[in-house]
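Letters A, B, C, D and E name the chains as they come in the text, with residue numbers starting at 1 for each one.
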Amino acid sequence: MAVAEATTQVKDAGQGTVVSARNVDLTFETSDGAVQALRDVSLEIGKGEFVSFIGPSGCGKTTFLRVVAALETPTGGDISVNGMTPEEARKARAYGYVFQAAGLYPWRTIGKNVKLPLEIMGYDRAEQDRRMREVLQLVDLEGFDKKYPWQLSGGMQQRASIARALAFDADLLLMDEPFGALDEIVRDHLNEQLLSLWARTKKTCLFVTHSIPEAVYLSTKIVVMSPRPGRITDIIDSPLPAERPLDIRDSAAFIEVAHRVREGLRAGHGDA
Amino acid sequence: MAVAEATTQVKDAGQGTVVSARNVDLTFETSDGAVQALRDVSLEIGKGEFVSFIGPSGCGKTTFLRVVAALETPTGGDISVNGMTPEEARKARAYGYVFQAAGLYPWRTIGKNVKLPLEIMGYDRAEQDRRMREVLQLVDLEGFDKKYPWQLSGGMQQRASIARALAFDADLLLMDEPFGALDEIVRDHLNEQLLSLWARTKKTCLFVTHSIPEAVYLSTKIVVMSPRPGRITDIIDSPLPAERPLDIRDSAAFIEVAHRVREGLRAGHGDA
Amino acid sequence: MKHGPAAGLLRGGAGPLWIGAALVCAALVDLRLVPVVAVWAGAWWVNTWLAAQRRTRVTTLAVPLLFGLTLLVLWEMVVRLFGVPAVILPPPSAIGARIGAEVPTLWEDFVQTFLRGALTGYVLGCGAALLTAVAIDRSPFLQRGLLPVGNFIAALPIVGTAPILVMWFGFDWESKAAVVVVMVFFPMLVNTVAGLAATDAMQRDLMKTYAAGYWPTLLKLRLPAAMPFVFNGLKICTTLALIGAIVAEFFGSPTRGMGFRISTEVGRLSLDMVWAEITVAALAGSAFYGAVALAERRVTFWHPSQR
Amino acid sequence: SAQDLDELTLQLKWVTQAQFAGYYVAKDEGFYEEAGLDVTIRPGGPDIAPTQVLAGGGADVVVEWMPAALAARERGLPLVNIAQPFAESGMMLTCLEETGVESPDDFPGRTLGVWFFGNEYPFLSWMSQLEIPTDGGEEGVEVLKQGFNVDPLLQGQADCISTMTYNEYWQIIDAGISEDQLVTFKYEDRGVATLEDGLYVTEETLAEDGMKDALARFVAASMRGWDWAEENPDAAAEIVLENDATGAQTEKHQKRMMREIAKLTEGSDGSLDPEAFQRTVDTLLAGGSDPVITEDPGDAAWTHEITDMALE
Amino acid sequence: MSAPIAAPGAGAGRSGRVGLWLRGRGAAAGPVLAVVLAIFALWYVGTVALNAQWTLDQAARADREVGFAELVADTMAQDRPMLPAPHQVAVELYDTVIAQEITSRRSLVYHAWVTLSATLAGFGFGTVLGILLAVGIVHNRAMDMSVMPWAIASQTIPILAIAPMIIVVLNSIGIQGIVPKAIISAYLSFFPVVVGMVSGLRSPGAMQMDLLRTYSASRGQVFWKLRLPASIPYLFASLKVGIAASLVGAIVGELPTGAVQGLGARLLSGSYYGQTVQIWSALLMAAVCAALLVGAIGAVQRAVLRRMGMDR
């Protein structure tokens, strides 16, 4: 397998490299024929970076995140995560994954949902409790641990799912449109919080979004993708400062980057 | 009933007034107690206006549209549509309603979906056919009338549902987040088309959205709402010209309006 | 609760016309039908009015009860007015009297058929199906092979299988339990397998990102998610179990049991006793169903259908 | 032509088999038609109570055993015996010799198979005469409600089962158990026999205009059928087979059954023997704790009127 | 086994649809075949295990010793086995299905046809009743609240117990033949249809209902244009359950109609004479019928959904 080679190659990736993809291809076999979801995707992501993936629907953003998480196996190319194969990284519980929908288990309270990974990873009870409280506080949900998911608004659920991914303190966070279903204000608020969390913890974040302002606001690096087959059309290193109040979005630099992203998107876009 | 009084009062509303709401209240009785969805909502909408409603989730945007459409009955205040009670307006088939999701019937082809209201209103076959072709052309879907909804992309389905609302030529269009589920590029495209349609047909539009740029780009008037209880916090008359290319969104006037909308939203927003 | 039934009657508009027409028709066919139709129409009206009231615990109980009571009254009236012989269809009053008089026998039969036969078979059959479902869950091969064949076996009519099982397992409740096991096994299996597959891909992927093994995934995700399906199966199986245990007794039994009593008393023309047993069966069956439905509410409180 | 024929429906007690050969012969050989009757024969089955069918108006005449008929009478369905083609009872208790049952003294502690559905009365009377309780235990017998076949004996689930001389007994033999491996107790020999296949109608039917005449012709033709069947047992069995819609009966079994049946109908000209009637009533009244009938129905339960007319 | 067929790409070269279909069938056939073979193997083991006792008993009665090979051979060739060997059933099926004229009463096809006609009639009644009730429940609050609990209770009544009564009652008002069977069959099949149709008719979301309100559509228009089409998938799902229930009902209904013909009569007479081979072949025939009926509904379902454009 290609993955096996990757492990040996990765040795030369610098200490700071968390994700290193080289010429990754992924083709799905379906009943209608093959769908090439990723083509020749190469990317290096350093420690502590915040990387956004943006692109039209079906361009392979989710697929790429899933490849990093070892939920899909590439059909070509090499990829390594923390110097291991993605599969090894998954076994080592190297990352937390936040799915597009909150995906809380409806039969568990919010508290127990957050504890789910901790139970599976064998933390003791006291520690489970401590961490659950800590992360719920982090996402502004203290006091809601006894509620069931359906008793919370969509935004609160989404925050709980982020808390769940944070609970076991992985250094790598993979987030697939976590704020897709939220309204703009809640989204702004969560963006702010996510940014401050990232600044505090120095985690490496891979973040998929449809929203140009969101991508520009959050990222140190923006990866623009285009579909059929999914490939990278542009990688933009953000010139914005680390400190970002919300109204940075009205700044010229911001609009400049947003414009470049939009152009990149439109270039890759066929018809609607 | 309050509605009955409204009918008489409406007489003095000018010829150009399509929707006139005065101190509309609406409280839902639920098993957990009463939820006040609308409080003291007063609003005049003139003929040919394009009015956007924006506000955080649960602030009553949908509820207000449903009141106009006589799908909910207000518990207080007066409202009139085209000088009638909403109920009479509904019976008179005064408006077309576009729901948040496309809501096409999966067992009907696109063509037959568009004909659905025409069948119900008893148009003859030839007329049904003529109108169906006309509106499908209007939304760029000519040639797709024999396809089933699931054979179309999300954006095309949404356009079909707009065509369905246009088919019977009501002068009033109520649209509840019609583009909510689409990606930014497709959305931009549909926004452009909607605007040109509106400019051509001079219909009155009530349009609910979560997106500030969308609201600003489309509207002649923007209604900002705040939740619990839902009320209007700001009504902004757009200074933007009638002619609006897409990159008007990078203009200073646009950013100015967007900023005001955002401020209005933030003011009405408690916690996320 | 301002308007009484009378107000409803006035507002009903088309209602009275309809009922009047029905009464006239009844009178034309047979005069004795008039009171029957009258009672039916009256009760129906009260019920329509009750149902139109705000839904409370009282109305949700009263409406079906009144409906059932009406059926009983109509039954009694028809039997009396048309002189139906008691050896064909006894009136409810006679059945009631018989139930009162035969409590010990009814109880003995209930214990034999319901507690020993049906319940044992239900627990064994559903339990075995549950375990089998979990066991074959890991093998798509077995699933694809077993389920179609299972549908085939589930279609075997009980009147054919019961004599065979009585031959194999003897006359006492064991063979009845075996019939029940055969009847409930596949419906339960199919539902549980469907339930275990009911998790969505995202929920499973979540478990993968935690590198969770088979057992944690089963216990923390798949079994809880399967519960609505499991209960669907359990509910279907309640009525199957009772019917299976009773019918199996027709093909050989000790001298007790609901099925034994029914078949014996028909031969003796004690139809009131037959209906007394049927009443017990219907009550027990409905209670059994209700109990499982209640358990379902408790266990799958989180499912949208329960909220 | 068909219009002049009086219509009658006869409900049998059991499925089509040589037990009812006389009626099928009378129909197929045209005896009924000659008597001016159009008779419909309805086979019975395990869940059919002929008395109930009669009460429901589904039949005019039924073939029923006397215990069940008298029990129905007490339940308010006034049945009257109009003819008794079977003079003797064919019921037995059959045991495997290897179980060690040799006489009724060996019954206590045993498991016995009994037919219910109204056919249990002779057995219960017998046990109560023997003073053996029927609810299990050391002293009593364990009673099983026997299904339709002889499996309980073959499979060792019961020590003894109920059999008819003409049917189940031979099924045991056919299964491969020889006659000397069986011990049989005929009810007839034990003095507890009750009358079996008789013809019954309700009192109302009997009172109908012209009905007695039709019934007399019916009984006469039926007895002609029985005589014919006794004389031509193989041909009678063939007729039965032709009338069996299930296609499941075998020639060998039906021919043998016909011969055995002939032994039971032999002594009868169709008229009820009042002594046999009284013996049946006495047996039933002795039915122990749960007697089949509580009082002697008296002469109202039977009549010689029809057979007298028929025999003219 | 059939791995080569199931392997990805095996269908390449054919047109997409056909290739896919073949692959789908191939993938399903392999496991089913394996399971069926396993069942046959188990069946043979069971045959030996269950029938050995009789062989040993018989040998003991004849004072003989049997060797293992003889034992195995004998268990598969008994006349009245506790469990007939598959090939015995196959031979019986051949004799009664292929080797007989289908109009013969010894033909299983004939009996299956009798049962099927009652099944189809009952299924028709049941479906219509179920749909009417569902329409009533959806449109009338009083019916909604009162009918459901009683419909559930009705299904807890043991059908075999009331079937004879239904037949007698119908008989007394002059209805007989296929109709009583069909009514019993309908009694079992209406319930799944009600349950499925109620959820089907209620399946349109609030938004779809609101859409029609904005057109101020009448109740009838809502029914024909929305509720009914939306309920079709639900309807077919419950029809599949319903038709299997109908078949069981028709078979049950055959027992107390005198069990003259039909699969029920075959089951019963097989049981009556201890003909286990006959029981098993009738059982298999019933299961085959069920499979065919469900398959037929599936085919109609696919055709209808294709016409409705909902066959994804």
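FYI, a residue touches a chain if its C-beta (ideal position, glycine included) is under 8 Å from a C-beta of that chain, and two chains touch if they have at least 3 such contacts.
Note that this is a predicted model, so its numbers are computed, not measured.
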{"item": "Chain pair with the higher count of C-beta pairs in contact (D-E, A-C)", "value": "D-E"}
{"item": "Fitted rotation between chain A and its twin chain B in degrees, CA, nearest 5", "value": "175"}
{"item": "Chain whose mean Cα position lies farthest from chain A", "value": "D"}
{"item": "Length of the line joining the C-alpha centres of chain C and chain E, rounded to whole Å", "value": "20"}
{"item": "CA centroid of chain B to CA centroid of chain D, Å", "value": "84"}
{"item": "Interchain centroid distance [CA atoms averaged], chain B/chain C, Å", "value": "49"}
{"item": "Separation of mean Cα positions, chain B and chain A [Å, integer]", "value": "34"}
{"item": "Touching two or more other chains - residue numbers and ranges from chain B", "value": "none"}
{"item": "Numbers and ranges of chain D residues touching at least 2 other chains", "value": "46-47, 49, 52, 55-56, 147-149, 151, 155"}
{"item": "Junction residues of chain E - those touching two or more other chains", "value": "82, 160, 164-165, 168-169, 172, 255, 268, 271"}
{"item": "Sites on chain C touched by chain A in the complex", "value": "202-203, 205-212, 216, 220-221, 224-225, 227, 300-304, 307"}
{"item": "Of chain C, residues touching chain D in the complex", "value": "85-88, 163, 166-167, 170-171, 249-255, 260, 263-264, 266-270"}
{"item": "Interfacial residue positions of chain B with respect to chain E in the complex", "value": "66, 69-71, 90-91, 93, 95-97, 99-101, 103, 105-109, 116-117, 119-121, 148, 150"}
{"item": "Chain D - residues contacting chain E, complex", "value": "15-16, 42-49, 52-53, 55-58, 98, 147-151, 154-156, 171, 174-178, 181, 244-249, 253"}
{"item": "Residues on chain E engaged by chain D in the complex (per definition of touch)", "value": "53-54, 57-58, 61, 79-80, 82, 104-107, 111, 160, 163-165, 168-169, 171-172, 176, 255-261, 265-266, 268-275, 278"}
